[in-house]
Structure formats: structure tokens, C-alpha cells
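Order of writing sets the labels: A, B, C and D. Residues in every chain begin at 1.
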Amino acid sequence: MFTTSTKVRFAHVDPAGIVFYPRYFEMLNGAVEDWFEDAVGQSFASLHLGRKVGTPTVHLEVDFQAPSRLGDVLEIAIVPLTLGESSCRLAVTFSCAGAARLRVELVLVCMDLASHRAMPWPEDLRAAIAPQVVAA
Amino acid sequence: MFTTSTKVRFAHVDPAGIVFYPRYFEMLNGAVEDWFEDAVGQSFASLHLGRKVGTPTVHLEVDFQAPSRLGDVLEIAIVPLTLGESSCRLAVTFSCAGAARLRVELVLVCMDLASHRAMPWPEDLRAAIAPQVVAA
Amino acid sequence: MFTTSTKVRFAHVDPAGIVFYPRYFEMLNGAVEDWFEDAVGQSFASLHLGRKVGTPTVHLEVDFQAPSRLGDVLEIAIVPLTLGESSCRLAVTFSCAGAARLRVELVLVCMDLASHRAMPWPEDLRAAIAPQVVAA
Amino acid sequence: MFTTSTKVRFAHVDPAGIVFYPRYFEMLNGAVEDWFEDAVGQSFASLHLGRKVGTPTVHLEVDFQAPSRLGDVLEIAIVPLTLGESSCRLAVTFSCAGAARLRVELVLVCMDLASHRAMPWPEDLRAAIAPQVVAA
């Protein structure tokens, strides 16, 4: 299972002293970038800028389970649940020292950035993602 | 039905020329602020800082239907779907010139910022929200 | 003198209850967008995407004079101080109900987005900016 | 000399493919957090939340020397230039593989978060910062 981590920064925290939830999606996008680079073998720079392939998020479901505070180190785990012709459903969990913070399911679509249309996953990406898929 | 609008700024747009989705949640939070101030009768400043009542988002479901581009003016409509003892489910739609962009359902919880625990909606807020509820 | 306004949102405010300063630069960039669209006659969408002309900021000086709080309505005034062959120095002030909040001087450069090199201001932009210049 | 590093993320990059400058200030604030924690010996969490001491930025000067792109790893170096009764001037440079990207001078003020007034640096912070000061 792929994991990465990030620290709750002053920039993430609201007047109530907890993470302002839109900041979780910046962390989430960063974790998906790390997953692509480290577990799929393709950085966002080479994917988007070199190959002109994007992976926009088309669906999100999120349960915010407990608040996070300044200085918390969040562990983010990513597991692909399904891999379609041109989509991929990911389960992502954020936790801190083993305690759950949020749980996300998101659907990415593989997109041709020239036409802005969905395209089948390139074979190298499919071959890298498929073995990671874990039934929900 | 409550509506507000916002413009897609340079700050919102990614290298593919479309809104980077975490920015939609900043717009969403701003629209919920407008709804509280204009349709519920309580600004976030007086609610959070004066009354020490917060309204964190505990659940989100989002369908991204079509991309938005720099300069688009987005109309954001908010309808409460259910009003519980201490929660409220909202449906929020973003559109541009009548074309759908995203659809969100979110659940807010009324929280005592001193104890960081859920609390029943204060009567004035309940009285303002209840007449707006539209069955899903 | 060109002015625009923006409201301090929950998204802008830090755990100390005041605007987190990087958020001022998002507001500043939005105000410069408004100035281009309303006072120079060219939206960022048409300038960047249509004409492939960018206006990156190459220098900034900022004095933070007093903190801003959730709900404050900030008036932002923009005055060009000098207009060079391919640069423009702007003075920008943020105030709330007449009280100063920050003062910025920034230098923009007109850039050809194809070559990523400075270019002379197009004549229509120069003609629109020149009459607004006020000696510092 | 204190250094930390950060990677240019999709979240940082604008439609022209380069870092949107307000994002540099989020990186800058994160680097100053790292400096406080690692080189001054006090995390922002313990400083702000525990001791109720803030360090707002009151002045900034920035030269943007060259653009940064998606995937660049930026090295950020921080050197204190002067240490006053309740202020500190820092020089911060961002570079990528040795090439300069931006140069910042900023002035922090030590602030009592209860009164929102400047206060003398606590002795432990002064003792940790003073030996790092390098005349400009």
C-alpha cells in the first residue's frame, strides 16, 4: 500500500485552530502526485507537460472523521479500488499517529489535454496501476 | 432559493487552463458564508468570533460535471435538504450561463467552539433555516 | 484612481484571527486583474489566453500596517507610478473604512508567453495605462 | 546557514506553467516555520498555541529572478540579518539546482497574541537567533 506524509502547516489552519477543509484537497492532490511519481512511475510534470495527459478528479466523497491541528503529521495512504478503461477509483485515508482524520473516495479520469476528452489509460500506466488494485 | 456568484480568477486556474478543484472548495466555503450571512441572518464573523459557534463540514460528495475556465462567472445555488438536531445537509450547484459545472452535497454540523463538540442548532438559526428546506 | 473591494473570508484568516499574509497576494492579484479588465480594457482571459501576453510580477515591496479580520471589507486602490518600455510600477493600498492595512509597490513586466521573454507593452495597453500614471 | 527544501506542486502552478507568486509566500511561511522549529528550537504549534506568541511579517521585499516550474525542487536558505528588541530581519533565497529563483527580505515582529502588541523577544528565542545573525 502506498503511503506518503505531510505536516499541518500554519497555512492550513483556520481561526478555530483546525485544518480548513479546502486545504485537505491541496494535500490530497499532492499525495496523488506522489503516488503517480513513486508508485505509478510517472511524475505529473512528465505526464501533463511532456505527454499532455491529465488526470482530473470527476467525483469525490469525503468523511471528515476528526479535526487536525497545527503541527500534526498526517499519514496519507492510497489504494486503487477499481481501474476502468479510462477511469480509476482511489480510496485515500488520512490519519495521525494511527487515529483516523478523513476518508476519501475519488474517481480520476485519464484525459487527453489536447482535446480535453477522456482517453484510455496508456498501457504503461495501466500496467503499473492494475497490480495495486484492491477490491473495496 | 439562495444564489450567489463568483468569478474564476487567475488564482483558481491550473496549468491545463481549468479550475484546480481544491479552489472550488474555497468558493464553496465562501458561498456557504454568504448563505449564512444573507439567508440565515448570521455572519461567520459574529457566529464564530462572537457566539463561538462553528459549522464544520463533516461530509462531502461532489460530481465535477464540466470544467470552468479563467473569466467564467459561476452562479452558486444553495438549498438545504434536511435539518437535523445539530446537522444540516445542503445541496449546492455551480453553473455558468445555465450550464452545470459541479454538484455538491455537504453536511454541516453545529459545533460549540469551546468544547469542540456538536451542539443543537440555536433557535434563531433553526428558525431561519427550517423554512428553506426542500426535500431532496 | 482605480478602486475595487474584497471581503475578508474565513479562507483568508489564520489561527490568530487575522488575515494570513499570503492570502493578501491572492487578493492583490485579483485586484490587478480587475484593474486590467476595468481600467486598462483587457481581461486576463483575453490577454493571457487570447493574446498570449502575460504580466508577471518581478518585484514587490510591502508594508503591513495593521491586521485585517474576518468580515472586514477591504478597499483596494491601484495607481501606476511609472510606465517603462516593458514594465509598470504600481502603488496599491488596502484600507478598511479609511484605515490603512497594507501598502504595496510592485513591478509588472509585459511578457510574451510563447518565448517567456519581456516584450514592449502593446500600443493599446500603453495608451490605456499612460494617462493613469501619477508621479510617486 | 539554515536550509530547507520544497517541491513545486501542481497546486502552485498557473496557466502559464510557472509558479503563481502568492504560492511562494505559502512556501516562504513554511520555510520560516521550519527555521523556528529546527534552528530556533520552537515549533509554531508550541509558540502560537502554547506560549501565545506570534511572529507576524510586517515588511517584505521580493525580487523574482527566474520562474519555477512543476516538479522543480526549490532549496530555501534563511539567514537573520538583524535582531532588534522585538523584530528580526531575515534574508531568504530560493534556488533550484544552484540557479536563483527569488530573493526575499522580510521583517518579523514578536507579538503577544493576547494583546496583539509587539513584545520583546523571549530570552530563549533571542539566545537561539543571535548567534545566527550575519551582517547584510
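We adopt the following convention: a residue touches a chain if its C-beta (ideal position, glycine included) is under 8 Å from a C-beta of that chain, and two chains touch if they have at least 3 such contacts.
All values derive from a computational prediction rather than experimental measurement.
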Minimum number of chain-to-chain touching steps separating subunit B from subunit D: 1
Interface composition of copies subunit B and subunit C: same or different, split at half: same
Reference subunit A; chain at largest CA-centroid distance: C
Fitted rotation between subunit A and its twin subunit D in degrees, CA, nearest 5: 180
Pair of chains joined by more contacts [C-beta pairs], A-C or C-D: C-D
Subunit B-subunit C separation of Cα centroids, rounded to whole Å: 28
Mean-CA-position distance for subunit D and subunit C (Å): 23
Inter-chain centre distance, subunit A versus subunit C - centres from mean C-alpha coordinates, in Å: 33
For subunit A, residues contacting two or more additional chains: 10-11, 15, 17, 20, 22, 26, 29, 48-49, 70
For the subunit D and subunit A complex, residues of the former touching the latter: 9-11, 17, 26, 29-30, 33, 43-46, 48-49, 69-71
In the complex, subunit D residues that touch subunit C: 15-16, 18, 20-23, 25-26, 28-29, 48-49, 54, 56-64, 67, 113, 116
Residues of subunit A touching subunit C in the complex: 10-11, 13-15, 17, 20, 22, 70
